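Next come two complexes, and both contain subunit A; in the first it sits with subunit B, in the second with subunit C.
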Partner chain A sequence: MSEQKLQSQTVQTTGHAWDGDLQEYNNPLPAWWVYTFYATVVFALVYWTIYPSWPFGKGWIGGVSQITYVNSEGETKTHSWNTRALLMEDLNQAAAAQKPYFDKVSAMPYEQIAKDPEMNGFILSAGKALFADNCAPCHQAGGQGVVSFFPNLTDDDWLYGGSYDTIHETLMGGRRGYMPAFGEVLDGEQVDQLANYVASLSGIEHDAGKAAAGNVLFHSDTAACYYCHTSEATGRKDMGAPNLTDNIWLWADVPAATGGEGKVAAIRGVIANGLNKGVMPAWSGRLSPEQIKVLTVYVHELGGGQ
Partner chain B sequence: MNINFKHEWIETNIGLMAVLTMLAISVGGLVEIAPLFFIDKTIEKVEGVRPYTPLEQRGRDIFQREGCYTCHSQMIRPFRDEKLRYGHYSLAAESQYDHPFQWGSKRTGPDLARVGGKYSNEWHVQHMVAPRSMVPESVMPNYPWLLSTPLDISDTASRMKALRKVGVPYSLTQAEYDANVAKFGETVAPQLHIPDAQKNLVEQANFGNYDGDRSGISEMDALVAYLQVLGTMVDFSKYADDAFVDNR
Partner chain C sequence: MQTGLEDQLGLYQKRIPIFTRSVKGRFRRFKTSVLVLAYAIYFLLPWLPWSRLDAPAQAVLFDLPGRRFLIFGLTVYPQDVIWLALLLFIAAIFLFFVTGLVGRAFCGYFCFQTLWTDFFIWIEHKIQGERPARVRLYRQPWDREKLVKVGGTHALWILVSFWTGLTFVAYFTYAPQLVVDFVTGQAAAAAYITTGILTLSTYAAAGLMREQICTYVCPYGRFQSVMYEPETLAVHYDARRGEGTLGRAVVRAGRGIVVERRRAEGAVAEERRRSSLSAGQRALAERNEKGFGDCVDCGLCVQVCPVGIDIRDGLQYKCISCGLCIDACNTIMDSFGFPRGLIRYDSEKNLAAATPAPPRVQWKRLKTIGYGVALALMIGYLGYSVATRGSFDRAVNQIRQPLYVVLSNGDIRNRYQIRITNKAAEDQTYVFSARGIPADALDLGNFNEITIKPGHSGLVQASVRLSPAVAANTQHFELVITPRGKPAEARSEKVRFDTPGKRP
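Now for the complex of A and B:
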């Protein structure tokens, strides 16, 4: 009780009383708090002057801080500070740092890039980042692909060709795989014969009698397989028709199938149902010509370039 | 002191205190909201942005239903790293017909603002059914039922009517249709006509065959159609790379 009395003598009250004697103490804020508050007010005033802040008319006050950059039209522009102008400045700086390399990339022929150790280092690091961002979701981080979805880029078996020019073409314009569903024009027996013949080409366990009949069918105009896969069944790269003789499988998951009958069944499925997949997006609109050239060399060097 | 006098005066007049409290609070609102009705620089003037077709819009509904936005943003910020990974920064104009927008701020998965055209339809389907079969390190859940669940198209028109109420220019009358032809062109306007919604949806799904299965229209068809249009409406090659600097 005595303590309360003491406080009432030293601390001011707000000066008014309710119900006769109900009073409110007026403890002032600590000085450090008050001065910090004043400092934030000053900070805000400075900030408003430098950076875009208050709305004004149909726009806003831009602030005194400025950014100078060069745009894609080659014009040098000065703009009041904002994140989009800052990005332009960042990109300018990055482009300047990378320019010597990218200039070299655009000027050098593919073969020379591959031989130049310094450029090779650049391709490996720049290509790795580009590949991880754009290609790895389908072709996987190491380029090994996914059976029955996306081709392996590390072997020397190519659907559309493994030269620098064809890889570049594939990257620029994309690809679209297609094979008609032969189950709609052939009967089950014929499809089975073809599957056995295709299995025989890769030395997979098969029914020799059926394979012989499949051989005839393959080269006949009834099934006309040879149109795209050629008479030797080695495929036509201009149509993306795969080589059927190398025991490398993309669409039919032969490696995972067990036993000769299972492997033949996997092939039969593709022949009967056809393919309307194997879509590779076009990258010409998304990546720059230099980036595509880097990726061309990178993919070529994954192991299977021709 | 003068201040003490006012203090007491306000505290003992509850009506006055309510009025002054309202005034103090409304300052924040006035400063932040009122200028938006006058500023005309925030939405960039670009060609190509249109409301979603009925199929894309249904895909968007599924995107929201499945909570995709809890892990995927749709907002590429104007930073160098984001430009390199995702492409041109998002424009306000690009989400002008989104209700609600899907900008988001949390990325467990990658940003999807420009995912359209980056992967094949087949990749999307397989990735939705079993994400780890495509991206081994992925933590995305499997969404296999999208492929097996037929898309409910019976309420497509009603959903578009609801969006029309909040300002999306889907057309109901001939006059609105003509306005859309003038604004979006001959090919887009029919897609925005509510009376033809169901027909348009079926046609687009059958033609696009987004899920790779021709036997029917699944929820996957709609979702992939939506994902494939994200960020593709504006052709940035038509604009200088600093064309939108003045809008911030």
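Now for the complex of A and C:
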């Protein structure tokens, strides 16, 4: 205690006494610390000059550093430094780097794009990103679709055709698939007969008697299935009527149903209730022509292109 | 507790400047040869020409924009990162191995901090003179002589530092072009920044901070102690021999021999200085009889030490094991005709033994042998891997979304993405075939073959289509990639084939 008192007497005070005896010690900072503090002050001043700093009125003091970018409307904007403008600048640069490729895409015919190794590489990467952003929500990441909802783009069956031109047409204008609900015009027995006939077309286990009756009904004007699906039941691409004779099912979830009974029941459901959900939106206003062209080639290369 | 203004503690301890005395001897010679060799390699290697088809004619070039390292005839791509990992492993294990045997050999002879510091001290010595002259200069006020000498030293240091930095950059770009561009202001910003940083850091580390890097900055100096064992050879002062029972004693030349007692009281002995060995031995016997050790307390071992320590205080963490104190002491011992080796490479165990054997490297220990075996295995594998690497890299990935597609006629199709990286020095065309599936099952779409530039990668989409019956019996097949015209370099990959019924 006494030692402490002795030592404390040797420390300088600020030289002022409050209330008679209240004094304050003066312990100076080490010099390097003080200089570091001054250095940070200088740094702050420089920083304020360059970058946005103080709130001022309704805005803020922007600083001298500026970023110029082109916004989505195509207007050139100059703004004091901010991260959003920085992002726009980055996006502009990325777009500029992509441009020569997109230019080439719009100048080249489809077949040539697909055969050029460099362009093919571009399609694979740019197409993948475009597909993931715009198409994957329905058609899934790999284009495999969802049975009963969205068509599989990787198989070799196409509702509207799998050539470059038809894929392009589908992308530009969209599609709307429709089938009337035959449960409203036919009785249950007739629907069952039709379902058995459709099952027989692709070799699914079925009741031969009912299928024979269904065959007649299919080609009659009562049900008039052949209007759209054709009398060979191979479908019509101009109206998106599916081929009923192959192994691919979009609407009736036949692959997942078990046993002939179940599979026929799945087909029966579609015939009775019809369809009004095969809607593909039009992309012409939403994506640029080059982007749609990239997607056309990309989808064509998913495996099913014709 | 308050501290008074008078005795305020400093925030850091001021460095005590070290002026090393130069010395001649075995270890000095070894250090000098390592320095010359290392500098020759480091400074000249970027200038070694090597003719190449597609790259600048430089034997060692780390081509970062091209994403490849060109090392003489070898081209290393990022895919070979395992080699780098192995190399680092080997370096680490080698360090542990050597440290367990002979202590901090890396620190004392090979570390670039030691090499550059050594060179900078040599410059200082050449300009400012031997230790006493440098101490005098240090104490002297800033007159013309001091300004010229100290200024000249620093200027030379900065010049060496600059060339060190520029040489480093020269490993990453064509050296002759770099020097021209650097002078004319055409070089890349990265070249200026890197050279600048390296110039400053070399100057600071080897010129200004020196032993403080080893003592305060370098982590290795701190953890090396765990690698020492009692059998490890290290620079030791033989205290038993040096101190005797009464301690060290100075030999004063000229006025006979005055032996000053250091450790014990009372006894003052007289001897005559002799130069011949037998005379030395007699003198030594006399000293020892009186109880004094062999150390004549000349302090030379302290004066030559680049980290400014006294090895006679025992092995300490600051010692970088440079061996200069051994040279110094041997010089003194020789001049008195005393036997050499008062300071020597020896092991703690041997020094403590009742009758110390001649020091030798002791490797028959589990740890050392373990490190040795690990080292041999890794070097063997690295050598094997470099020698047998293929001319291309490949990755065959099955597309998993979807794993399989059922086609309209019931066939099953799987798709694969093949990525090939050409590691050869020229353009190469690759062709594909499959084994274990029908010949027509493999479909490569638009690209039946692909030509890839050296160092580049290419992608090919392949699909395999099998009828349900074949698919049911196919779990795997082999995809064969063959560089056209080089069937010996063909490589095959085993890949999966998925069908609807099969569960992985």
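Convention: the second predicted complex is superposed on the first by the 211 of 306 C-alpha atoms of A that agree within 3 Å, B and C clash if a C-alpha of one lies under 4 Å from a C-alpha of the other, contacts with A are read in each partner's own complex, and residues count from 1 in each chain.
We take it that a contact is a pair of C-beta atoms (placed from the backbone, for glycine too) under 8 Å apart; a residue touches a chain by one contact, two chains touch by 3 or more.
These numbers come from a predicted model, not from an experiment.
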Contacts of A:285 with subunit B and subunit C, given as first, second, both or neither: first
First (subunit B), second (subunit C), both or neither touched by A:11: second
Which of subunit B and subunit C A:144 touches, first, second, both or neither: second
Partner chain in contact with A:79 - subunit B first, subunit C second, else both or neither: first
Between subunit B and subunit C, more extensive residue contact with subunit A: B
Subunit B versus subunit C as contact partner of A:117, first or second or both or neither: second
Which of subunit B and subunit C A:60 touches, first, second, both or neither: first
Subunit B/subunit C common contact set on subunit A: 140-141
Subunit B residues touching subunit A - in the complex, by the definition given at the top: 1, 4, 7-8, 11-12, 35, 38-41, 77-80, 83-85, 87, 89, 117-123, 126-127, 133-136, 209, 212, 237, 240-242, 244-248
Interfacial residue positions of subunit A with respect to subunit C in the complex: 4, 7-8, 10-12, 30, 32, 114-115, 117, 120-121, 124, 140-144, 152, 154-157, 243, 246-248, 255, 301, 303
Touching residues on subunit C, where the partner in the complex is subunit A: 1-6, 11, 399-402, 405-410, 413, 415, 445-447, 450-451, 458-459, 461, 463, 500
List of subunit A residues in touch with subunit B within their complex: 14-16, 52, 55, 57-60, 69, 71-73, 77, 79, 82-88, 90-91, 94, 133-134, 137-138, 140-141, 146, 149-150, 276-281, 285-286
